[in-house]
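Quick heads-up: structures coming right below.
One chain, subunit A, links the two complexes that follow: it is found with subunit B in the first and with subunit C in the second.
So, the complex of A and B:
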């Protein structure tokens, strides 16, 4: 028999390290005579798109084309410490420090522009390749010419930005308090089909809504959401980490199975944008928030289909058949008996 | 392995004749990466599970980690280095970038080689056929969707460019 069910899962996630643990980043930026800029940041690009993101933020803040930005990341000889790439903190912390580096560089640039344009540096804005008096737009100089001028006169052409989101700790006695600098939210919705003959659980549809604050690069955010959901699906249905005495017993792709293209639905990403005043242009991290709700969502859908809770991961066909009483109990089942789940 | 087991590897790699005396008894993957320094072909698992080492051997896609190097003698091998170039990407590569089907990039060379193999056999695949075509290639980052759409986009472009032609023509 094939049974279908629908489930929802939601989560709240504290971004960064929280609980008074050091959480900071420094970004350096340098202006070249031709108006291009180079960004130095110590965080590593793992494919999540950090380099693209920082270049986009810097281009926006300085009002220059994306193509005029260059970036060097995770070079311990040259890049300042940015802390690890973890806790979904990169957009939030690295992004803010990059914006601060830009603002630091804009100070001497505005000073010189003010001298050249005979205007108040505080009234200057950086937009569309120009540095312009916002009250008197005819007073303007191109960013490129200003960059050349900065170098000719030996002005400061480097900027540095330090950003810390280190929070206070919670109350030692009561564990109450605001542990994180900001929080992320996500919800997912899945439809599954459980084949009671084979034990196979198939996720037919999976929609994932993640609050990105502001999606600096929507396509990359979608990539994080889709990839995160598929990892979460693997955790729910396939990925069985066997650890004995601290040692992985199946650390191979032939014994530790992860989803293939044939195992997953086309995840439907939904980017939710609730401006976060503490994030760079309102943005925050989406990486882990996109992964966390998937397994609960799928397990809720399975419960909806079966009318029975599954209390183990992963819900492999074998374990599902045992649960359904269609397979002899051979090994001890991993159950979490006293989890306070409501019965469906 | 016999340290003195030297063999002569004579074959064509990415259209160029190669003749080398090297240590035998290894995998095609080792020959490509260690002897020819063609490191675009990745080793994700070394046991035939992930597809990141996919190359073409006489037009057939094979897993270089399971192929003995001797098997390639006298054959023509195509690796990712022979498909497009950074300034002149193959439509499949361009479409993967365009769609956002590349994150860490570890799976990408193998995905491209599998996609080329698929489009060679089936220039106008359905979504299901694309999924089947890349189901031997694992990707941990993207969730596959953007890769699948990228391949579909490339197929459409290639079809439009040369309806009767084959993918081969655009392979350097």
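So, the complex of A and C:
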């Protein structure tokens, strides 16, 4: 018999490290005489698009084309410490430090532009390749010419930005307090089919609504949301570490299974944008928020299909058949209800 | 280094002479390499010389010969699953070929490699057991023809002498009214090794099963036939009740073990699932 069910899962996630743990990033940028800009940041590009994102932020802040930015990341000999790429913090922390580096560079640039245009540096804006008086737009100089002028006059052409979101700690006695600099929210909805004969669970479709604050690069956010759902699906149904006497028995991709393209349903990525005043242009991280709700969503859908709850991950066919009473249960499964609460 | 020398044979005599011309060295034939190269990487096997047989014309292709279907050892799964001769006469092999790895593997991997590797979970072999195929082996001097059930002697143990090659697979075209089917149970939808699988041939005559073969994979040191399931089926008209009884009988013949992909009890249960699905499909196709 094939039974279908629908489930919803939601989460709230504290971005960054929180709990008074050090959480900072530094970015350096340098202006070349031809108006191109090089960015140095210690974070690592893992394929998530961090380099693209930092270049986009810098291009936007300086009002120059994306193509005029260059980036060097994760080189201990050359790049300033940006902290790790983890805790969904890169856009939020490293992104903010890149914006601050731009603002640091804009100060000497605005000074020179003010001298050349005979105007108040504070009134200058950087936009569409121009540095322009916002009250008197005819007073403007191209970013490229200004860059050349900076070099000719020996002005400061390097900017540095440091950003920290290190929070206070929670109350030691009560554990109460605001542990994180900001929070993200996400909800997912899935339909599953449980084959009661084979124990196989198939996710038929999945929608994932993830709060990005502001999607700096919507396609990359969609990629994060889709990838997060696939990873969550693996966590829910497949990823099963078999450990005997401390030895990882299935440490190969042929035995430690993750979903293939054939196992992945239509994933509908829904970007939710609730402007975060503490983020770069309102943005915050989407990485973990896009993967955390998937397993609960699938498990709720299984419960909806069977009228029975799965209390373990992953819900492999063998374990599902035990739950369905088709196979004898050998080891005791500890359910959440049986788990002892820690002493208060 | 995985090996010292890689030779590409252009003809069968050349392949045979390359296999026996390296005195004292470990020489292995390689077709798609989808088993062998991994085993060399993981140092399960070693080799000094690899002889690539994938381009040898005598080992390739599918043809009809005196009422027999002949499949060259170096024929790939993509070729098998697209062959009209296979689709018409031995659907079970096309069905199994589509379930092996995924497209990239099917483009590289060969039927002869599956037989030569002799994994108890090999997906193409149960169909060959069900079709009662013979393996044709050729050496420097002579050819031998061995029933596949005898060719696979034990866990990864085959009846092949050094210097010999698997040349082709042969089996009689199944009689009129025969349906065949393969059912694979794995832990994901592609790129997964079978936990259990079953291949079935049934011949229907006047609404009654006249002839039946049931083969099971990944439940014993080699692929096995299930005589118990076969005798349940023969002489009966297909029905859901019959499929259930055949499934139960097949479970008795299976001798599965616990491993990383599942417990013995899980496998035993799946033998029933796979058998009933495969028998049902085969009967539908026979009708």
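Operating definition for what follows: the second predicted complex is superposed on the first by the 324 of 344 C-alpha atoms of A that agree within 3 Å, B and C clash if a C-alpha of one lies under 4 Å from a C-alpha of the other, contacts with A are read in each partner's own complex, and residues count from 1 in each chain.
Just so we're on the same page, a contact is a pair of C-beta atoms (placed from the backbone, for glycine too) under 8 Å apart; a residue touches a chain by one contact, two chains touch by 3 or more.
Because the structure is a prediction, the values reported are computed rather than measured.
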Superposition on subunit A - do subunit B and subunit C clash or fit: clash
Contacts of A:262 with subunit B and subunit C, given as first, second, both or neither: both
Which of subunit B and subunit C A:44 touches, first, second, both or neither: neither
Which of subunit B and subunit C A:317 touches, first, second, both or neither: second
Touching partner for A:222 - first (subunit B), second (subunit C), both, neither: first
First, second, both or neither for A:198, with subunit B first and subunit C second: second
Contacts of A:254 with subunit B and subunit C, given as first, second, both or neither: both
Overlap of subunit C and subunit B interfaces on subunit A (superposed complexes): 254, 260-262
Complex interface listing, subunit B residues touching subunit A: 44-45, 47-50, 100, 102-105, 131-132, 134-148
Residue ranges of subunit A in contact with subunit C within the complex: 197-198, 238, 242, 249-250, 254-255, 257, 259-263, 316-318, 321, 326-328, 330
Footprint of subunit B on subunit A - complex, ascending: 46-49, 219-220, 222-223, 225-231, 252-254, 258, 260-262, 264, 266-267
Complex contact set, residues of subunit C against subunit A: 102, 185, 187-193, 260-263, 265-266, 269-270, 273
